[in-house]
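Just dropping this structure here.
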Amino acid sequence: MTIGIGVIGAGVMGADHARTVARHVGGAELVAISDPDESRARAISGEIAGCRPFTDGLELIADPAVEAVLIASPDHTHVGFVLACLGAGKHVLCEKPLAPTSAGCREVLEAERALGRRLIQVGFMRRFDPAYVEMRSVLKRGELGKALLLHCAHRNATAPGFFTPEMSITNAAVHEFDILRWLTGSEIIAVTALNSARKGDGGLRDPLVLLVEMEDGVLADVELFMNAAYGYDIRTELVCENGTVDLGRPAPNLHRRAGTEARSFPSDWRGRFGDAYRLQLQAWLASVRGQEPAGADASDGLAATRVAEAALASLESGRRVEIATDRP
Amino acid sequence: MTIGIGVIGAGVMGADHARTVARHVGGAELVAISDPDESRARAISGEIAGCRPFTDGLELIADPAVEAVLIASPDHTHVGFVLACLGAGKHVLCEKPLAPTSAGCREVLEAERALGRRLIQVGFMRRFDPAYVEMRSVLKRGELGKALLLHCAHRNATAPGFFTPEMSITNAAVHEFDILRWLTGSEIIAVTALNSARKGDGGLRDPLVLLVEMEDGVLADVELFMNAAYGYDIRTELVCENGTVDLGRPAPNLHRRAGTEARSFPSDWRGRFGDAYRLQLQAWLASVRGQEPAGADASDGLAATRVAEAALASLESGRRVEIATDRP
Amino acid sequence: MTIGIGVIGAGVMGADHARTVARHVGGAELVAISDPDESRARAISGEIAGCRPFTDGLELIADPAVEAVLIASPDHTHVGFVLACLGAGKHVLCEKPLAPTSAGCREVLEAERALGRRLIQVGFMRRFDPAYVEMRSVLKRGELGKALLLHCAHRNATAPGFFTPEMSITNAAVHEFDILRWLTGSEIIAVTALNSARKGDGGLRDPLVLLVEMEDGVLADVELFMNAAYGYDIRTELVCENGTVDLGRPAPNLHRRAGTEARSFPSDWRGRFGDAYRLQLQAWLASVRGQEPAGADASDGLAATRVAEAALASLESGRRVEIATDRP
Amino acid sequence: MTIGIGVIGAGVMGADHARTVARHVGGAELVAISDPDESRARAISGEIAGCRPFTDGLELIADPAVEAVLIASPDHTHVGFVLACLGAGKHVLCEKPLAPTSAGCREVLEAERALGRRLIQVGFMRRFDPAYVEMRSVLKRGELGKALLLHCAHRNATAPGFFTPEMSITNAAVHEFDILRWLTGSEIIAVTALNSARKGDGGLRDPLVLLVEMEDGVLADVELFMNAAYGYDIRTELVCENGTVDLGRPAPNLHRRAGTEARSFPSDWRGRFGDAYRLQLQAWLASVRGQEPAGADASDGLAATRVAEAALASLESGRRVEIATDRP
């Protein structure tokens, strides 16, 4: 009854997923982890009884003990691993992006369609965050009327040294693109990267503000601030005809001292979305066992990557870039 | 020692100012109020001992008992009354806008310069709101680094039936324009009105989103929502290099009942900015007595009207409109 | 029309009152200030045009220009000055306590009754704080059912060196006693001082917790913490049958920086109750002009002092002390 | 590697534990559930593959597939089942109370001591709630100085019809007693039940206020309000020498509508402590596997029951009741 899970990638994200599989979800067993850097794979496998280390992700996928695969390896390796999972007929939860290019996403999507079976889930974990779930249900119930605007901010305390302006879009903004589509049930039809003052010497274009236009007329302004200094903070206000909703966050204790009353921010995504990652895994396991899939699918992965490509083009050109929809 | 004040206009705003002069500031006496509708003027004068009613604002200005004038009459009458005050050598606090057109503002500004004496204050009362004052001082102290972005929203519960899309700009957005200039110490160089979904049948373009570009690179997104339904709510987040500041508001009691924990919003600006109006009057009286003027002057009035004209042009054309600065 | 006000006492509290009279209320003029330390009286009178300095409060009361008197001198002088005001037939706003002993309060109360005219208001300014006013109106409207419990805390950042345990009661707790009576419309019938751990070496019994029993069965726990270190903070939660109400406070800006999201506390009562003091003066001036008095009267002053005496007795004995009501 | 868990009791609490074991923790399998009402046991076992139903808890304990036992049956059955677990040498997580009487607790404690092996954990799940954990760590780090006071409230939306005043203590207050001991590291030495106004006709003595005195001088006031109407709300403020800490709670979205800004309360403990129950189980499983036990042990279970007995005695007598410590 317990499902054997293999994790590809033993970096920060892969290690986190591996530990969540092993300790914080039911009905699963971590049986394998792979990383080209064998020591990283061994560090995890040594920690978790019954988990074997691999250096080759394709071998992990082929291993009979691995019943379903979680991909947390570098972005450019995603397509190859996902296709191998499809070839092996195994369920796969692939970290975003499904592929760095829309061509890659399309290849994967077509392969899954040819197979005639849904096996791919994309790791847009915010769809499992209780606050986003509640925000979407308010909208669906219609009690505030239709959606008009969304104000979003995605703030990291600090970006790593290798961070590029493009990565604000491919790493951070894609989460916003997916959640905007998911919350409103509408497609993104245009995106514009705006000029603003920059932090420090401005080598990194930070913060970056995007205007996102949805097919149903909803407009979203999205701030992406990778060096916001004060902490990890994800903010969304949904403005409807009869009221607005602010995204909640886990509320730590309130400390009164030294003249102020303060709550702390988490230093990174783990303190904010740890629960969403856990619930995403739980839901994915349920779908592996045959329940209706709940998360983002390959077409959602494609949609997010296409908007990201448009945002990168706008960043380059300084102009509004439209996104053609595939629908006939 | 007590200064005799005359108020022109006995509508909602004028009546409020009259009562504040009479009861909530020191060293002033309401001696006159005028309104073409004599019954409105009499309603106020009957309420306040020592206050005489007028139907003609120019007569009020000329009256010797009136030492300083507060103008709260319809916008198109402002220029004439302000010029009359200058002619009489009397201090004047003029409700915004100083004039509906930049040409009108310029006429007034030049008349004051020709006089060689600063007599005009424009009623941008937010400059006296303790929350904005604190936000500005944070920026001035530099402890959060330089300003990068501002996120603003101006929400009214409901707009009157005669409200037009243009009035979102001339009545509401002008406060945002002035406060953005005052907070950052920088000029607005361009404004863009954006398309978004509209409430109801969309006869009124509501909400309206403006992008405001400042000379120092700061970018502000400004939501103007005249029928936001839930209450009167003014929101500003200042995003700096090392932190952000959210505008506070008077915090009423927290009510826990029926499944929720709630605070109420005021139904209009009186519940939010009553104190700012009072403090503005107090500061204006001090300047009438000879202290350094603290509020917006005629050139600030001109600047706000010029940005409003650009915003109206953008609303019409759908394009970004630049604002030429007068500076050499 | 303008009322001439004399202030007795030019310490921190008297100086604050004098400036509020001069600048922040309408229809009044500060005409006199007295202090045995002439330099203190002159410091204020030099600041405010038309204000004359006195060294003797009785002379100030007798001065014809003084139409109404505000007493902010040391507690033990209150009775003498209040009686002199009654003798002169002048309205008096006396800082709490009306008298340090219930005998003193009773003497004053009887003198006023003999006069047959209400001239005394006691400075329990919280009755004018908008948050307390709203809390009381919730209770009166009955929408939450009847009151059951109150949880109160009175915290000062630091107590002056001369502070004694008794002063926690006579200076701080009296405000709580008055507001409990005023909120609930019920009398206090018993009070118990409880033992708890103490800050520092415990020379000052701080914090002190009092249990207060009301005639209608309502129970209040009151924390008095004179060296709470983090700021000035007054907290009240009213627990009713169907919900609770937390006292709001002016909400300064929210600062996000260095890992936290914080609001500041005022360092003393001026940042919290400045508005209540202003509104109290405004209401008192209205009653001087003949309107229905709105604040605490001499019998309220007596009631608070009687409860304070009981609390001091309980502090001494460690036992519950009952308070006999005068009512037949 | 997976541990086979048996749950005794298939009521609300037992069913919740069973589902958490099956779905939300790693390395465990729900293999058995028992309830005298066979249909309740079958309802759960039918839902979870591999889980067998029992009607007799002792049979469940004896079953070889059951490696560790979770007791969620009626209070009076706890002692028998715990002793059977000890007899079988199996780890047991027993819902509070360990036993309804201190004699029962002592019997169990002595049996465990005789065995020479720690096998018992008591279900005081708050010790795993992240907010309490953080509050305790603040105290341990000493950055706010020593603890002085605690203000606690335990509010349920509604109590079931069969609820008695005693149950406010045995069901609700015991959690407070345990957490006070755990937070401060000090023992409770006396408790006093106070009189207050009551909701409705007062048949149930509700709310109930307890004064709790700790060995180190800390004083806690504890409100127990079983019909607080507005929602499930657990509040704790820890007052230290240099600051205070308010217990956080999961912060749902903020809804602005109809004149207010509101957050909702959960309707019962599941919305507040669901995560604590999950983390408690996870930690218990780790201790079953041999790690250092983290939760409350049998002596903690005894301590809570002894304080509850004292509180019941005080409820009866109206007097302060001391609790003798066992320590030599």
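Letters A, B, C and D mark the chains as written, and numbering starts fresh at 1 in each.
The criterion applied here is as follows: a residue touches a chain if its C-beta (ideal position, glycine included) is under 8 Å from a C-beta of that chain, and two chains touch if they have at least 3 such contacts.
Here the structure is a predicted model, which is why all the values come from computation and not from measurement.
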Touching both chain B and chain C (chains): A, D
Centroid comparison with chain D (C-alpha atoms), farthest chain: B
Gap in Å, rounded to a whole number, between the CA centres of chain B and chain A: 44
For chain A paired with chain D, centre-to-centre distance based on mean C-alpha positions, whole Å: 37
Inter-chain centre distance, chain A versus chain C - centres from mean C-alpha coordinates, in Å: 57
Junction residues of chain D - those touching two or more other chains: 229-230, 242-244, 256-258, 263
In the complex with chain A, residue positions of chain B that touch it: 145-149, 151, 153, 194-200, 207, 209, 211, 213, 216-219, 221, 223, 225, 228-230, 239, 241-244
Residue ranges of chain A touching chain C (in the complex, touch as defined): 229-231, 233, 256-265, 267
Residues of chain B defined as touching chain C within the complex: 1-2, 21-29, 49-50, 130-131, 134-135, 138, 143-144, 242-258, 263, 275, 282
